[in-house]
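First chain A sits with chain B, and in the next complex the same chain sits with chain C.
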Partner chain A sequence: MSLRAMVASIRVGWYREFNWTNPLTGFSLRTVGPLASVIAASTVYYVGSTNNVPPSFEPSRLAYILIGAALYAHVAAYSWVPTLAIAEGKWTYVFPQVYISPHSSLPYLTGRTLASFVTSTMTVLVSLVLSFYVLSSVFHTNIPFMVNPLSVSLLFLAMLVNIFAALGLGLLLSAYALFATKFEWALPTYVAGLLMVFSEALFPVSALGWPLSAIANVLPFTEFMRASRQAMIQGGTVYSYFSYLGLALLGGIVVLVMGFLAFRYAENRARRLGVIDKKTA
Partner chain B sequence: MLDQRLNDARKPTEEQPGLRNVMNRVDAEITVQVEGLRREFDSKEGKVVALDGVNLQVRKGEIFGVLGPNGAGKTTMIRILSTLLLPTAGKAGVMGFDVEHEPEKIRAVINMASGAERAGYDFISARGNLWFFSQLYGIPTEEAHRRINELSDMLGLQNYLDRKFYALSTGYKQRVTLVRAFINDPKVVFLDEPTIGLDVMTALSIREYILKQAKEHGRTILLATHNMAEVDAICNRVAIIDKGKILACDTPAALKRSLGAPSLVLEVSPIPAPGSLEPIGKLEGVKGYTSSVDEERGLSRIQVVVDGDGSAQSVVDSVRKSGMTVVSNWRQQATLEEVFVALVGRGFREREHEAAQ
Partner chain C sequence: MKLHSNPWLRTAYARLWLRAKSIYGEPLWVAVNIGFPFFTSFSLTMVYRAYGLNSFTGFAILGGVMISFWGNVLWSMASQFNWDKQVGLFEIYITSPAPISAILVGMSLGGILGTAPSAAMVAILGWVIFHPPINAVWPAVISVFALTLASLYAMGMALSSLYLAYGREADSVNEALHEPVSLISGVYFPSTGGFSPFPLAVQAGASLIPLTLGMDALRRTLFFGQGFGELYLDLELFSLAIMGVVLLFASSKALKYLENKGRRTGTISVRQR
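What follows is the complex of A and B.
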C-alpha cells in the first residue's frame, strides 16, 4: 500500500519538478539555476584570486568550488521538497487528503523528495559538465577533475547516500510546516543559507573557528561534500572517500531518525491544534 | 425527471415498513458513534467552543444529515471523524475504532469530501488526479481505472476525465471530488456541503449519486449541510445542530410532524427596521420566527412557527399594529428551517448574522 503511494508520489513529483511542463522545457529551465550559481561562484574566485598581488589562483581550488557549488545547489533543491509539498498541499487541499488516507504521509513526502532527487541529480550533473567546459575554455585553465566511470560512479554513490540526510532535514523542516502558520515557505531558504556556510560548500569549515567548525564537522552534508571531492578531484583516495562516505551515511541515518521522530510528534501536535488542513499566510 | 428519480430512490427507506423496521432496530449496526464530543479552539478572544457535548449514532447504510447554520460545528465534527482533528474531550468512533487512538484503522475504511475544498493538482488531468488518490489506498492500477470509469459514468464525468483539473468548471471539479471520495470503496463517507455553490441540475445529479452509493453499496454517509432541501431529499435521519449542540435528531418527516400546526407566512410592507419584529417572538404560542427581504418586490417575508390558529391571528394583529401592511399571508406545512426556528427561536440567516457579529 505504502509502496504504491510512494510510486504515485514520485510520478506526481516528477511533473511538479518540471513545473508541469514538458520534460525538455522543464529540464532546461531547472538547469539554468545551478549552472548560473556554479559559474558565478567559480568566476568570483577566479577574478578575485588572479587580481591578488601576487596572484593566488589555484586550479585545484577552482575544482573545489565548482564541485561544492554544484552539489550545494543539488542538496538545497531537494531537501526542502517535503516542506513545499505540505505548504503547497494545504493550499490545494491535497495534503489533508493524503493525510487521511492510511499510512500515506511519509510515503508521499518521500516520493516527492525522490522525484526531486532524480531531477536535481540530472540538472546538477549537466550543469557540472557544462560549467567545467565553459570555465576551462574561458579561463584557459586545466581544472583537475577526474572524470571516468569509477569517479562518476563514486560521486553518484555519495549522492545516493546523501538522500538519508537530505530527507531527514526535509522531514525536520516539514515537521515545522505541519503546524506552522508563518514562515514555512521561507524557512527552507534560511536553512539553505546556513547549509552553504556549514557544509563546506565553498570553503573549508576550519575557517569558521571553534565551535562553529565543530558543528559543521559533524554534519553529514559536510562529509558528503568531502566524499564527493575525493571522488572527483585529482589527488583523492579511495580510503578517504569511503571514510567520508561512512560518516555521511552514519550522520544521515541519525538526521533521518531525528526527522522521522520530529515529524511524528508534529503530526500529533498539528492534529491537536487543528491545523493539518489549515491554509496559511 | 431527476427529482422523480430522487424520490424513487428514497422510497424504500421511507415507505417500505420492512426496511424502516431494520433501521429502527436497537441492535442495528452502528458505524459512527459520538459520545460527549467537545472541541475547543483558542482564539484571540479566548476559547471558542465548536462542539459542546455532542452525542450521535449513525447506522450502517444510512444517509445521516447534520443540519445547521454556518459556524454550528458541522465541519468540526467531520474533521474529527475523518481523523484530521483531535477532540478536546469525549469519544468518537468509526466502525468501532477510536479516532484518537486508532486513526490508521479508521482511515482504511473512510473517505471524505468537502464542497469548499476541491483537492487536486491543477495541471494533472482529472483521471491522473483520481489515479493518484487511488494509489494512496493501494488499489492496483487496472482496478483503479475500472473504478474511475464506473464512478465517473454515474456522475456524467466520463468525457471530462482527460481534461486538466484547472480547466474543469466548478461543477465538474466537484464531481471529480465526489468520485475521489468513493474511489477506495469506503464503508463510511463524510461529505461536507457537497453541493455548495453548484447549479440546481448538478446538485440534483450529485444527490442521486450519493443516494445510489448508500442504497446499492450499503455505505454509511454522514452529510453536513445547511441546505434543508438536500436533507429533505436524501437523508434518512437528520441531527439539527446549533452552537455546537445537537438540538434534535430524527427523520426529517418526524421532525416536521413534531411542530404540530402549520407555520404562518406573512409578506409585509414596508421592509421592517432591524429589531422591529422582536415583539413577535414574545407573543404567546409563537415558538420562533425568521425573516428575509425580497428587494425586488420591496417587501419582507416572515415565517412564524406557531402552536395554533389563535397564535397565528395574534401574530397578524401584532404586525398590523406595528404599522406594517400585511400584503399576503398563508399557512404552510412546516419545513426543516421551521423546525430549527422552533428549536432556536431564530432562522439560519439570523444565526449566521449573530455569529458574524
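What follows is the complex of A and C.
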C-alpha cells in the first residue's frame, strides 16, 4: 500500500470535511452533536437514578456511561467513512477516478478513515472534557475520572488500537457499498446503532442475556470500551487494561483481515460486473 | 368544496401524495428509517432497565417514537427547499401558480404519513420487548400528539425558509442541531419540571421549542394519568397551539420575503454558494 497515496487521501479527507467553512467553525459544528449525545445519555441515568425509590445514583456509573457514550460516538463517526467515501464518490465521480488509478482504492479508503479518526479523536476529547465539567457542575457530583499523563496516554493508545477493528468494519461495509445503489448510506446508521447496543457503550452487555451477551463479549469494540474505562475511571488496573487491550488488538486484526478479504473479493467482482460506477438500480 | 376546484388544496394534495408515495412505494424505507430511533431508544431503555429504573423505560421508548418525527422535520422539511433548489425544483415551484404554503403543508402531511410506520414500529417493538408501565388518558394523549406534530412541522416550515437562505451549510447545521435539540427538549428524559436536572434558565429556554412542551405533555398523559383540566397540561396544550399558529405565520412571511428578495437580486435559482 502506497504511503504517499494514503497521505494524499488523508488530506482529501480533511478538505472534504472542512472545505465548506473555516476549520474552527467546522470543528465546532462537529463537536456539538457528540457533546450533546454524551450529556443526554448521562442525564438519562442521572434523572432515572435520582428519582428512583430509593435514589440509586452512583458517580462511578455516571463515569462509566460518560466514557462509553463519548467513545461510541467516536467509533461511529469514523468507521462509516469508507462507506461514505464510496457512496458519495459514486455520485460525484470521485470513486471511479480513484479506482482506475493503480492500487489506489485501498489507500484512499484507509486515508479517508485515518483523517476522520484524527478529527473524531479531537472531537471526542473536547466532548469528554466539556461534558465532565458540565455534568460535574449541573449534577453537583464528583465524577471519579483519573486524569493524568499516563491515563490519557493509555486512552489514546486504546483509541489507536481500535483503528484496526474500525477500519475492518469500514471495509466490510464498503464491500457492500460497491454493489449498492440505494440505502447504502443507511447501513452505517444500523451498524452504529448495533455498536451502541453491543459494545457495552452505555450498559454492561450481560444485561442483554444469552446468546446476545456472548456475542457482544467477544467484539473488539467491547474490549476497547473496557480498556478505556480501566484507563480513565478510578479503580482500573494496568493488568486489566492490557488484558482488554490485547483482546481488542487480537479481535481488531481478525476484523481487519476479514474486511480486507471481503473488500478485495467485492472489488474484483464489482469490476467484472461493471458496477464500480453504477449509481442507480 | 371540491378538491379539483381549489388550487391550494390540489397543490397540497399533490405534494402529500408525492411524499407518501415515495415512502410507501419503497417499503425498505420503513426499515431504513427505523434504524437510528430504534437502536438509540433500545440502548437508553436498557440504561434505565440495567440500573434498576424500570418505571422510566417508557420515557426512552416514547423518545424513540418522537425522534423519528424530529428527524423527519429536520431532514425532510427544513432542508427540503434547499435540496429542491440544488436540483432545480424550487424555481419550478416559484414560477408555477402553486401556492408555496400549500406545498409546505402537503409536504408536512406527507412527512407525517411517511414517518408514521417507522415510529409505530419503534413503539410496538419497545412495547413488546420492555412492557413499560403505562397509565394513559388516551383522548388527551391523542390530542397532545396531534398538537405536538402540528407545531413541530410548523417549525419545520419556518426552518425551511431559513435554510433556503443558506447554501452548503444547511446539512452541517442540521447535523449540529439534531442532538442538542433532542437533549434540551428532553426527548429521552424530562428536561422541564420537577424531574429535570437543568437550571431554570435552561428549562425556560427549552420551553420555547415545541418538542419540549410536546414531550412533557405526552409523558404526563401517557405515564402519569393526567388529562384535560390539569392546569399545567392545559397550559402546555395552549402554548403548543399558539406556537403552531405563530410558526405557520412566520414561515409564510419569511418565505414571501426570501422569494421577493431572490427575485430582486436574481439569486432565487442560484444553486451553490
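Everything below uses one rule, namely that the second predicted complex is superposed on the first by the 276 of 281 C-alpha atoms of A that agree within 3 Å, B and C clash if a C-alpha of one lies under 4 Å from a C-alpha of the other, contacts with A are read in each partner's own complex, and residues count from 1 in each chain.
Quick note on the criterion: a contact is a pair of C-beta atoms (placed from the backbone, for glycine too) under 8 Å apart; a residue touches a chain by one contact, two chains touch by 3 or more.
In this text, all values refer to a predicted model and were calculated from it rather than measured experimentally.
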Using the superposition on chain A, tell me whether chain B and chain C clash or fit. fit
Look at A:Pro96 in the shared chain and tell me whether it touches chain B only, chain C only, both, or neither; answer first, second, both or neither. first
Touch check for A:Tyr108: first (chain B), second (chain C), both, or neither? first
In the overlaid three-chain picture, which partner chain does A:Arg271 touch, first (chain B) or second (chain C), both, or neither? first
Between chain B and chain C, whom does A:Thr43 touch in the aligned arrangement: first, second, both, or neither? second
Angle at the Cα centre of chain A, taken between the Cα centres of chain B and chain C once the superposition is applied, in steps of 10 degrees: 80
Taking the superposition on A as described, I'd like to know which of chain B and chain C A:Gly236 touches: first, second, both or neither. neither
Please tell me which partner, chain B or chain C, touches more residues of chain A. C
Which holds for A:Val12: it touches chain B only (first), chain C only (second), both, or neither? first
Should A:Gly193 be classified as contacting the first partner (chain B), the second (chain C), both, or neither? second
Would you sort A:Arg4 into first (chain B), second (chain C), both or neither based on which partner it touches? first
What is the contact status of A:Gly259 with respect to chain B (first) and chain C (second): first, second, both, or neither? neither
Lowest inter-chain C-alpha distance for chain C and chain B in the superposed arrangement, angstrom: 8
Jot down the residues of chain A that show up as touching in both complexes, chain B in one and chain C in the other. 20
Chain A partner, complex, touching residues on chain C are 28, 32, 35-36, 38-40, 42-44, 46-53, 55-56, 60, 168-169, 172-173, 175-176, 178-180, 182-183, 187-190, 195-199
Across the complex, what residues on chain B touch chain A? 39, 41, 79, 82-86, 104, 107-108, 110-112, 114, 117-124, 131-133, 135-139, 180, 184
Residues of chain A that touch chain B when the two form their complex: 1-2, 4-5, 7-9, 11-12, 15-16, 20, 92-94, 96-104, 108, 271-272, 274, 276-277
Which residues of chain A touch chain C once you look at their complex with the stated criterion? 20-21, 26, 29-30, 32-37, 39-41, 43-52, 56, 61, 65, 138-139, 182-183, 186, 189-190, 192-194, 196-197, 201-204, 207-208
